[in-house]
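Below is the structure I would like to discuss, written out as structure tokens.
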Amino acid sequence: MADFSHLDEKGRVQMVDVSDKKTTDRLAIAVGKLSMKPDTLASILDQAMPKGNVLETARIAGIMAAKKTWELIPMCHPLELTHVQVDFFPETETSSIRIEGQARVAGRTGVEMEALTAVSVAALTIYDMCKSADKAMAIEKIHLVRKYGGKSGEFVNEG
Amino acid sequence: MADFSHLDEKGRVQMVDVSDKKTTDRLAIAVGKLSMKPDTLASILDQAMPKGNVLETARIAGIMAAKKTWELIPMCHPLELTHVQVDFFPETETSSIRIEGQARVAGRTGVEMEALTAVSVAALTIYDMCKSADKAMAIEKIHLVRKYGGKSGEFVNEG
Amino acid sequence: MADFSHLDEKGRVQMVDVSDKKTTDRLAIAVGKLSMKPDTLASILDQAMPKGNVLETARIAGIMAAKKTWELIPMCHPLELTHVQVDFFPETETSSIRIEGQARVAGRTGVEMEALTAVSVAALTIYDMCKSADKAMAIEKIHLVRKYGGKSGEFVNEG
Amino acid sequence: MADFSHLDEKGRVQMVDVSDKKTTDRLAIAVGKLSMKPDTLASILDQAMPKGNVLETARIAGIMAAKKTWELIPMCHPLELTHVQVDFFPETETSSIRIEGQARVAGRTGVEMEALTAVSVAALTIYDMCKSADKAMAIEKIHLVRKYGGKSGEFVNEG
Amino acid sequence: MADFSHLDEKGRVQMVDVSDKKTTDRLAIAVGKLSMKPDTLASILDQAMPKGNVLETARIAGIMAAKKTWELIPMCHPLELTHVQVDFFPETETSSIRIEGQARVAGRTGVEMEALTAVSVAALTIYDMCKSADKAMAIEKIHLVRKYGGKSGEFVNEG
Amino acid sequence: MADFSHLDEKGRVQMVDVSDKKTTDRLAIAVGKLSMKPDTLASILDQAMPKGNVLETARIAGIMAAKKTWELIPMCHPLELTHVQVDFFPETETSSIRIEGQARVAGRTGVEMEALTAVSVAALTIYDMCKSADKAMAIEKIHLVRKYGGKSGEFVNEG
């Protein structure tokens, strides 16, 4: 049973204890992209998809999911988010929609996961609203682009 | 107020009525990839991340999220999933982890969104477990690779 | 301690056991009304509310809430809803919006509560989206108008 | 694709950013009424409904729902409620039950929606507990009666 | 990186695939006990606890939690429960309350976890309602006493 | 109808109003035990259970459940937990696993229920992961062992 203590030391899952961190204003911005067929993009922008207004549905889903990040991501802390925003930037040249998600809180821990979750669920919702027409859509390059607040200060991802 | 009826006809959001669809065995497989620094990948595989066993946590999070797809994606139907599976394939040459998610049901509607949600939340969880070491990770190309069951038969995405 | 058995017999809360009921197609339709100032109604219909598209947000919220009825109403059974629909009918003469909610399932128990919950949460959402402009809105007369399926057959509420 | 930017400007759904609002003690009180047949009211008050103690079940459901308001109403903020209360006032002359809901928080935004949600879900629960006996019940006039806290000070709805 | 494949084979978490199991009527009964000071028991039975009707609140909480078992227990399947029941049997000689939980479904997998979850959350709720008076209560011996349905037939735990 | 006011006074369920309590650092520790067959314990420690890594799954489930305590226990307040921890101590002499759960918050109310919920759901998850091999496991003596913070100061349960 030596295995057990080994497991406990090596792989033991843990939540970070943020009790002693300062409450500061924290913000994070994440982006991602959903690539699709040009016809799909045109239908979305014309609100001609049979399931209805794709982007407002995705925006609402992204905002609601950000509020549930702590429920989805096992080691995330519950947070009283003060703001979530989801924006869409259609790019006809690449036949895709860029999705930007932003989360804000006055809290003890950062909101990167909330911003990334907003983008992910907004992308999944667009996929769901359009999948009868285009099953080959792909969610591309979801990543953090900026965060500030907390001890580590500002982070900017140039990538 | 002509705008209103216009809205109602054009952008009106709707759930597909699946009452008259047949209950068949349905399966969907989705994949995605999380790219990271080589050191991050090595730490994950060695279970040396301070937050613990990254991949089992992500697997559990992906499975649990698949069960909540109907709660996250506004127009999805609640489903009694019979199986969800999440697998990880580390690729050292590209310094990434390929994530494969699979969902299955005996139901009236497909489980693409459940498979895609499992992959997305597993990827987000890996991100969360490693973000103190690597904030520049990116979630890449989440897409459906195969589905079967229902009227439309089998779909295979070669892309 | 005679009180206890008394309580148990009189007030004991119980879920109906539907194990032996037949799975039939069941549908329910509920309606309600949100009354407001004429200016509020005009702003909603012009999509001029600062919080955005009020009715699509309320429609999505109503549909999502119907799926959570079993979570909100203690003695409701979880159900695999096959369809939920929320419609809005603005009435300028009464300065109100009539909200109609419909739920459908192939199940062992009716979906009245799902239809009523869809209407209630859609109404609450309209309230939320407009409350900065009009705090005196009122949710009026939410009731069941029709149900069918199950042993009791069709019910029509003329009221 | 001019439609898109139009949509974005006109109907774009947004959550209010409360990051810069002050944390103050906030309270809201909402009321509503459930009208029913006199026999139904008598059975509720005698705890003679077959599903059990109607009012305590509804009280609990209303309190629990208030805590989930942010999950139900898309643009609501998550809040650490410090108190929720639901009270019932039977009115034999009108054969109805008046429901009063109150929510309190030390937060950056008001709790009107929490009070209104408590009343709505309490009413829905009474409906559910009694619907086998009385399908024609109606939820009447749910509205805000009072709020205080925050920049706008006190609001009293005489209506 | 040999560790990884090792992990995958040894500790890989998995949900049982129940797709090919038969839908049968399944039932499970679990029991547990909450021991407390005699005064606490007397106050519960007299409904004299300041937080109110302890047992009805616990009953409702247990029933609601059973419906959420799939959300709490990572590898559980979502199920359309047809019945959940929670009963209390005060035992003055041992100064405790025996809690019995029962769950039922027509499904592909058993409902032991649902019955056990109902008992656990009912016990936790009694604890919560009485903890200001008695912090030393203990939840004792929650276990499965009986199940039937499915391939394994009937199980009876004499223990 | 005298019954009603009687009910209201005696059994009326209520949430404690914590609006005027101080925000202090609060911590609670609970323990419990899961007893099982010696073979079951050996398989858990060897990670040889067919469902995979039992203890990490249970740890994650316990942590996630603690965050949902307010959703499960009707009169609990929502809290921004700053830390949750679940630990396992296998005891081969008694063929059991001792489970320790800890919760922490800077808040207006204690986190006993969060610690107790973490232990309970961790125990249920171990049960679920092992039940195909051992249906006679029992959850034993879940109780609070220590709490501090708030007006009542420190509590230590020697029991």
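So that you can tell them apart, the chains are marked A, B, C, D, E and F in the order they are listed, and the count of residues begins at 1 in each.
The rule is short, and it goes like this: contacts are C-beta pairs under 8 Å (C-beta built on N, C-alpha and C of every residue); 3 or more make two chains touch, one makes a residue touch a chain.
In UniProt terms, the chains line up like this: A, B, C, D, E, F = Cyclic pyranopterin monophosphate synthase.
In this text the structure is predicted, and so the values were computed from the model without any measurement.
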Shortest path length from subunit C to subunit E (each step joins two touching chains): 1
Between the pairs B-F and A-F, the one where more C-beta pairs touch: A-F
Rotation angle superposing subunit A onto its copy subunit D by C-alpha atoms, nearest 5 degrees: 120
Intercentroid distance (Cα basis), subunit C paired with subunit B, Å: 30
Gap in Å, rounded to a whole number, between the CA centres of subunit F and subunit C: 35
Separation of mean Cα positions, subunit F and subunit E [Å, integer]: 13
Residue list for subunit F, restricted to those that touch at least two other chains: 7, 11-16, 47, 52-53, 56-57, 60-61, 64, 68, 71, 74-75, 78-80
Residues of subunit B that touch subunit F when the two form their complex: 52-53, 56-57, 60-61, 64
Touch list for subunit C against partner subunit B, complex: 25, 42, 45-47, 53, 55-56, 59-60, 63-64, 67-68, 78-85, 88, 90, 92, 104-106
Sites on subunit F touched by subunit E in the complex: 10-16, 32, 47-48, 50-53, 56-57, 60-61, 64-65, 68, 71-76, 112-113, 116-117, 120-121, 123-125, 127-129, 131, 135-144, 147, 155, 157, 159
Subunit D - residues contacting subunit A, complex: 1, 3-4, 7-8, 11-19, 21, 70-71, 74-75, 77-80, 107-108
